[in-house]
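Paired with chain B in one complex and with chain C in the other, chain A is shared by the two complexes that follow.
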Partner chain A sequence: MIDIFFILFAILAIGGAITMITAEEPMYATLGLLISILSVGGFFALLNASFLFMVQIIVYAGAVLTLFLFLLMFLNIKKEDLPHEPKKYMLITLGAVLMIPINMLIFKALSTLPNIDMVLVESDFGTIKALGMQLYTEWLLPFELISVLLLVALIGVIVLAKQKSKKEIKQ
Partner chain B sequence: MEFAAVVIIFINILLAVNLAVGTTPIMVWWERRVSGFMQGRSGPNRAHIGGIRLGGLVQSVADMIKLAFKEDFIPAFIKHKMFFIMAPVIMFICSFLTVGVIPFADRLVIDGVTYTMQALPIDLGILWFLAFAGLSVYGIVLGGYASTSKFGILSSIRAIAQVISYEASMGLAIISMLIVYGSVNLSDIAEYQGGLLFGFIPAWGIIMQPLAALIFIVAAFAETNRAPFDLAEGESELVAGYHTEYSAMRFGLFQVSEFAAMSAASALIVTMFFGGYQVPWLNTQALQENINIVLFAMMIILPATIYFFTQWIKKNNTWVDENDPRAKESKILIKIFKGIAIAVVVILALLLLFGLGTNGTNIATAMIQVSTFLLKFFLINFFFVWIRWTLLRFRYDQLQLLGWKVLLPLALLNIVITATYVLVLGA
Partner chain C sequence: MTTLLGYGTIAIILFSIGVIGVVARRNIFVMYMSIELMLNAVNLLLVVFSKLHQDMDGQIIAMMIIAIAAAEAAIFLTVMILLFRSKGSLDSDLFIKLKPEINR
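For the complex of A and B:
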């Protein structure tokens, strides 16, 4: 059962990613990315990581991609507004070929993995409470540092946006 | 699987489906009658089946049948037909799935086996609601985009901006509730609210966290696109917004999902802030211990309520023309209600006479709790309708100011205060 779902989500994730790269319409590209992200959320659910599953949907699908769509519709970007790309598919193929060595490396690393049973370590592994306990006891300092980093980025965005508007007003 | 398990799962799914979809005709009827009441007119009260009008409820059934059998029409200028068809479906599924995690009663024990009274037995609770409330905006966005009209696109932009700005305050209000409850599981949250505060006040969310309750309710109105936040379909500016080009059952699906989202929001408000399925001052244990007294009280209260209701029908539900079938409606309804009252009294008396076993006590408790939940649910739904016909629609910039400059700082302040209180008192 889990294998069937894994294959389904894998097909959807890869298909969504391909749609995102090749689609002519920006709207289709965004929705392709959305399907890819939702399928990755499905992978988390299969791995019993229910918190990551929910956060994937709430943050990426619910907030980040809706912001993308908001910008697309706000600026009303259409197929005609995008730059003409005659060599698009050739470049995509070139990129795929360039990625082959890295893929080979990953395959090699995977094939040398010891052959053990891939079951979940504990039944509450990845649930909200277990994850929270880990984050706030053992990994408190890295967690707080990351939140400070995010805060810095947040303030940086506001400062940059404000500066630009001031200059525009002076002109 | 055992017989009891199958029955309980079936009942839960039936309850969830009915709360999400089945309440739509009732809500449409309430919306019309309440708006009529507030504007000093009578609202729909003519349509009838063999003289039975049910105060106008038959009208919304007629409207539903009309929507279902209307010709399904897609305008020729629609470029993205797939998006156009998918949009109402996405919105409907997302609103529909949210109701699945609401507990309708406390965990039911039958023959030593515990059953969760939820349609979806998962413990993600509140996160599940947040996820699907965020996803349902894709229905509005795709619908507005695929409509290929300026009204549709403008309404989609408004819907996205609104959902993003109110989701932040909603999440923060939820966090302060989670600090109090210590769990995201809605069953645990409802169980917590069965306790008492200072020994005599029910420990409901709205009493412990009034500010969070206010922020959450305002944000829930914005998430469900209900007035005063229904800018996405502001008739005076955008015709009908994202569903301008829709007709027949596709429009009907948008309508149903709007009411399903409203039902989901009110079910969640009940569970988070109004004690869920808990009867005030009578938590599950107290109910089970005093089940005979409770049944006896019900045996007196229910017929009395029905008596006053029939008196009200006799006085208010009249028809001038004697020969019209609608003139006989009051008599028929009164007979039906009297029959119900007698049946209730007889069943309760029999139960009291022969006594309830352990299973019987548990099932009776669950039934009382489901009824309590439904009563609270319909009261909150009435509150939604009440607000819609009382407050005016916000202007767009006022809406954004309220979201970012009032609700968000208040929610943050509330988190700091709650966390400090919990940390200092160690509660």
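For the complex of A and C:
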């Protein structure tokens, strides 16, 4: 049963990613990335990371990707605004060929590790309670620093968005 | 099938697709989405190792990566709006100068 889900998520994740880098329209590319990210969320669920599964769906698929789709519709990108890429498929194939040796190296390194089966077990591992206990004791300082980082990002975005261009100032 | 090697292979493939997307494409939207895909592949590998060692630290790092990616997305999309308004195109070759020369 888990094997079937694993294969399904694997096909969807890789298929979505390939759709993303080959699609001409940014909208289709975003939808491909959405499928890929949801499949990675499915992998998290198969790996006993139930809280991370929820975070992936709520934050990534729900917030970041929706913001992306919203922005694409907001900008109203036309066909002539897109870059002209005649050699796209050739470059992607060349990149895939060049990535094979690096992938082989990482694969070799991974195969030296104990190849245990990641069975889904009923346990406390990865639930909100267990993760929260860890987060608020050992990882308290990084957690607080993340909130400062989000505040900095918020202020930065407001400063950037309020900036007036030279043309607008002259008028 | 659902072993460390299986999940590792998926993560490697997703990461490589992300690298190829950044290098081979010229659309800045696709380049940014490739970076997001690479972050996701790293997250997947972190969760796999967290399961392998039965230690939750990997999952916490993955969660922090998601938080940082959300902050990054907000800033990136704002910069994207400014770039698109100043040049009217999504071609990355037009953005070689980081100066906002709007009147050109």
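The definition used in the following text is that the second predicted complex is superposed on the first by the 152 of 171 C-alpha atoms of A that agree within 3 Å, B and C clash if a C-alpha of one lies under 4 Å from a C-alpha of the other, contacts with A are read in each partner's own complex, and residues count from 1 in each chain.
The rule is simple: a contact is a pair of C-beta atoms (placed from the backbone, for glycine too) under 8 Å apart; a residue touches a chain by one contact, two chains touch by 3 or more.
Values in this document were obtained by computation on a predicted structure and should not be read as measured data.
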{"item": "Fit or clash - chain C, chain B, common chain A", "value": "fit"}
{"item": "Touched partner set for A:67, first chain B, second chain C, both or neither", "value": "both"}
{"item": "Chain A residues touched - chain C or chain B, whichever exceeds", "value": "C"}
{"item": "Chain B versus chain C as contact partner of A:157, first or second or both or neither", "value": "second"}
{"item": "Touching partner for A:50 - first (chain B), second (chain C), both, neither", "value": "first"}
{"item": "After fitting on chain A: smallest Cα gap, chain B-chain C, Å", "value": "13"}
{"item": "Footprint overlap on chain A, comparing chain B with chain C", "value": "51, 55, 63, 67, 74"}
{"item": "Chain C to chain A touching residues, read off their complex", "value": "1-10, 12-14, 16-21, 23-27, 29-30, 33-34, 36-37, 40-41, 43-44, 47-48, 50-52, 54, 56-57, 59-60, 62-64, 66-75, 77-82, 84-86, 88-93, 100, 102-103"}
{"item": "Chain A partner contacts - residues on chain B that touch it in the complex", "value": "80, 83, 122-124, 127-128, 130-131, 133-135, 137-138, 141, 144-145, 153, 156-157, 160-161, 163-164, 167, 183-184"}
{"item": "Parts of chain A lying in touch with chain C, wherever the complex brings them together", "value": "2-3, 6-7, 10, 13-14, 17-18, 20-21, 23, 26, 29-30, 33, 36-37, 40, 43-44, 46-49, 51-52, 55-56, 59-60, 63-64, 67-68, 71-72, 74-75, 77, 81-85, 88, 91-92, 94-96, 99, 102-103, 106-107, 110-111, 113-119, 125-126, 130-131, 134-135, 138-139, 142-143, 146, 149-150, 152-154, 156-157, 160-161, 163, 165-167"}
{"item": "Contacting residues of chain A [partner chain B, same complex]", "value": "27, 34, 50-51, 54-55, 57-58, 61-63, 66-67, 69-70, 73-74, 76, 127-129"}
